[in-house]
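Accompanying notes for the structure given below.
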């Protein structure tokens, strides 16, 4: 058993932070928080604080990466050194390289990249405070930042994870559940047509548990979607 | 560097699939020929060469003695690494591992780690001080598609082949293997389904990978449980497609496991 | 990448200054609006967000336990690091720190270190063996000029906010902060004056930085003494200009210190 | 004395692995073992397993390395992490950079590079299992891979080492002899005109011993040459 | 207190190396000491030995760094591994990156870069033996090397530091004073018009002490200026 | 970057040699003027500056205390490193060592190591725990050809110049050298012969290196034995040429050794 592992994850139907199994942490989204970036968003999601910025469409450096028929999308996920308990050494590690990749693939399906050939759209995600679920928080922030930058998109991309702790399928793990729990399933969604753009899993699910967790994560995405739209309305007015 | 594929080939592969056919005549749920050779190196503590069609992956397991992680003082340490060396494909480049290499290593690692297939607590030598470090090194020799399944299969085969070396006066005598095996208690396998148009096919060849919209890899255990998943590609899956792939993967996992 | 500024803007800013005016209406010795928020992170042992106009810098302090330097066996260790992440400006690039990033970290570090503001001897846990390592990480979020003053102000604010975590059985329990503060015994602040033509102005905005000839940063202590200086830019200063900036910096330092 | 050093290297005229002083280990060469590479070869030489691949002539990246009057030749020698007793960290170390260089210089004299201006011929050598003599094994494999790729060459380049153990000059050291012996002399040869393209030495030779070792290594190269030709005949038929 | 710190820095008006407070160490400058470089200089300054070389104006690599209206100036300050007590690992560290930057800014104001658009002027400074004050020694050497290379300049740029030890303002710290003293103030000067091109400080000065130190450093620069001119006369003759 | 040489110069140098002449008037077996200065640094434990013609190489020896290799627990450790700094030639570039730099360091290292010229067992302080680490750092200052001979000569000269520093309470007092020398028991030297056409000449100048077909460096000991060799260049040697160069190198080694 890992040091620090709790004996029980769910007591009297409540999780260790007081939530019900299908309850999401509190999420606050704010669009347009930076001056220099073309678009930006801050997402506070439970104990996570993540800021995302979008630059572009702009010239590609180095040039040979440019595509003649569409814009390229580049995503960088980075953790601030002070965002985690044990200081993170600056610079990309293997985990952040992988998250940057799956973030790009989660967002690319909604962007009309063909409108801006030979350019790049750059998304930067900075985790300022981490408490499990930073990749979903980052994707959520990034898609608001893209919208704030005026990048034409089919839809926003909300993301949310489900997982398993103490044998039970639950929504949106926080750090103790993430460190000591049994499974984690981050999902990103295009709400308009219910297409899934991000799916990763690690841990242990029966087929039945997996189905339940997938549905819970999709429901979580839909809640996040409303908050994303709210943040953009807040910034730009509208109905 | 990027592989380039002509529009003509794309259309050809896609329209064949719409007729229920694949370029190389396989069914949608068929693997190419699989050959697994274990014990092919005497310098590695365990090794395997896996061929899936023309894809060739060699996996070597090396053991060393080191310190455990502070929060797991009585557990051995697993480290999985992949190298997409330029010998294996005109598109692989020298230099530090790129995102594809890192993803491959991490997804194989998750399959091993999350299944609990290595009983790491049995690899503790002195609690909090000395444990076995297990290095799984994936060396891709010929890239003709579907590295995930070949690499994960090769990794488990190499782990099953591993024998602990002798320790004398605190030094590891690598030349002298004991008969003691690694404590491997499960055989997780990974199966990858590609989506091309609306067709979902097992074990994409290189040509199929070049035209696929998305990819989904599912790692399953001997019990038929899911221990890792990874979606790839810039396309999307519906909920139903995912559940379908999960079912097919659990079945195919049983078939694949027989090669171990 | 380099910021580019048109000749027209250059002339405009310079001629405004010759008339005693600045683009944004400030006086030559005025800061833009300053906002300092402390305690904005629960993962860092100390943190602060500083805004000077649209410039935003977040500073986090992390503590770890490590070995002292051999020639200072009873002293804690201070490490200052900056990241000019590409989120903060179209001209900041990924990759290892460039000369501007390194200069920023080193100049902020000198202000902290040379003022003796952290009583490092109080951070000794076991002489010659274990001491607290203090990591000050400067994370620039929005770059609109004058990073030196924002970063040094944020660093001192974050140090003042820092609480030592609990130690149990030699392990740091990061989740459990004690009420024990870092021994911060001075509040050095840095003030930066830019020279444009013959005008010397406090707190250059990005536009002003792009046209400035030279820059002089002066770190001063609570006693009004000078603890660090750094000239920047390819222009020059006369002896008299330097002495003038030093006087103005000592005064402005008092004003700036009130935000802590 | 190094830990593990044997007391004697030659007992009753036999070396520790049973060979006579001028006897080579068993060598097997197979051409055309990879699909993607333009040419390839696998050489098993005693306890060594080395695979070589050739790509080219092909476009040069980065372009400024291209030569207007000839193809460039690039060689990369690499050891798999599991090829040696103490796991080798991935990536080039100083030893492999030097071996890559001398390998290139050993092969370049036989290649008609002037036929393919502005292109590159890339050779990759992977050591899968190492037991002394990997650079000679690699050069031997690489020249078969070049031939398998159809690169026009004056001749093949076989390589073989001689050395000194227990005061005696011997052919083709294996690992114990290499680790604890007195000298090692790897040589590569153009058999057609007896020109030497690789020569390195370290250890201790009198002038006379050196001459004897040089001749022994040259004889070794000639044996390897026959095996190289055999492997190509095996693959392409012909008498 | 740091290990090795002396009890007193000034005894009977003399510093630990026998100098008076306003006395500079012995300085010897020699121009034209290298064949390959376009210009070079060796400066021995107390226990410092620093060599500087200038190459250029020459083509810029990579090309995108070139400026259409002027030459770029690049300066590299480097310490030989054996130049300090604890061997310095080869390659740039953070300190040498900063010194390279301030060196460039110290020299740029005197160079007529507009005469050579699209080119680079490269200055390399190698510290062969270090004893406090290497950045001033380097700037001093570099400006002689630039002159030796025939680069058109408004003036030479001498550099010199003042500091504070044992409560007293002194000229030109040596290593014990630098390690254990109270303040250091390196300055570089354009003597013709008394403009300051380098100014850094760390330690502790009252405003009054600072003024005194600044004036002492400027005086030091003027002495160095004479030696620089002498070295160039020595090499090129002249009045 | 690469040195470029015109075809005209190539032909000129080659045809001169065919007449038995060299550009600078030397005989085929002549070195340019050699100057060796020892003890030129007080921060290094040993140092030397070697000039061969206009080529200038400085070598410094630093000592540190560290752990021995596990298989040589009672031996000091030798580390040889070279830097081809851009100060020394317009073709040398910044950045990590390239193949030429690495080759130079390794060939010099082999000459020192294989000759056994340092009695490393005398550098053991506490078996298996503490030994002297000998760093030989080759710093090329002016590159006018034949770096191998200049660097190896400088390295041996610097090793002969080396004095151990004092150790007190486990700390090295670098300022206080003792009179104790490094145990240097042989003086290996390296001699380099270039082949241009059919002519074989000692000590190639830069111009000669630029047109040479091949290069052969032979390290010989005081006893006249060979301890290291390295062929360079894309040309070839015959067996007879090699044996000839070996003979000439053994003779020339004696001459070169007098400069130490």
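The chains carry the letters A, B, C, D, E and F, assigned in the order they are written, with residues numbered from 1 in each.
The rule is simple: contacts are C-beta pairs under 8 Å (C-beta built on N, C-alpha and C of every residue); 3 or more make two chains touch, one makes a residue touch a chain.
It should be emphasised that the depicted structure is a prediction, and the values quoted were computed from it without experimental measurement.
Shared contacts of chain A and chain F, meaning chains that touch the two of them, come down to nothing at all.
Shared contact partners of chain D and chain F are absent. Rounded to whole angstrom units, the spacing between the C-alpha centres of chain A and chain C is 31. With centres taken as mean Cα positions, chain F sits 48 Å from chain C. Annotation for chain E: no residues touch two or more other chains. Multi-chain contact residues of chain C, defined as those touching 2 or more other chains: 70, 97. Viewed as a network of touching protein chains, the structure reduces to one closed ring of chains, two contacts apiece.
The cyclic arrangement of chains, taken from chain E and going next to chain F, is E, F, D, B, A, C. The touching residues of chain B, counted against chain A in their complex, run 70-73, 97, 99, 102-103, 105-106, 110, 113-115, 216, 221, 224-239, 242-243, 246-247, 250.
Put simply, chain C touches chain A in their complex at residues 1, 41-44, 47, 54, 56, 58, 60-62, 64, 81, 83, 85-90, 94, 96-97, 135, 137, 139, 141-144, 174-175. The part of chain A that touches chain B in the complex is made up of residues 2-4, 94-95, 97-98, 100-102, 104-105, 108-109, 185, 190, 194-207, 210-211, 214-215, 218. If you check the complex, the residues on chain E that touch chain F are 34-37, 47, 49, 51-53, 55, 58, 61, 76, 78, 80-87, 90-91, 122, 124-126, 128-131.
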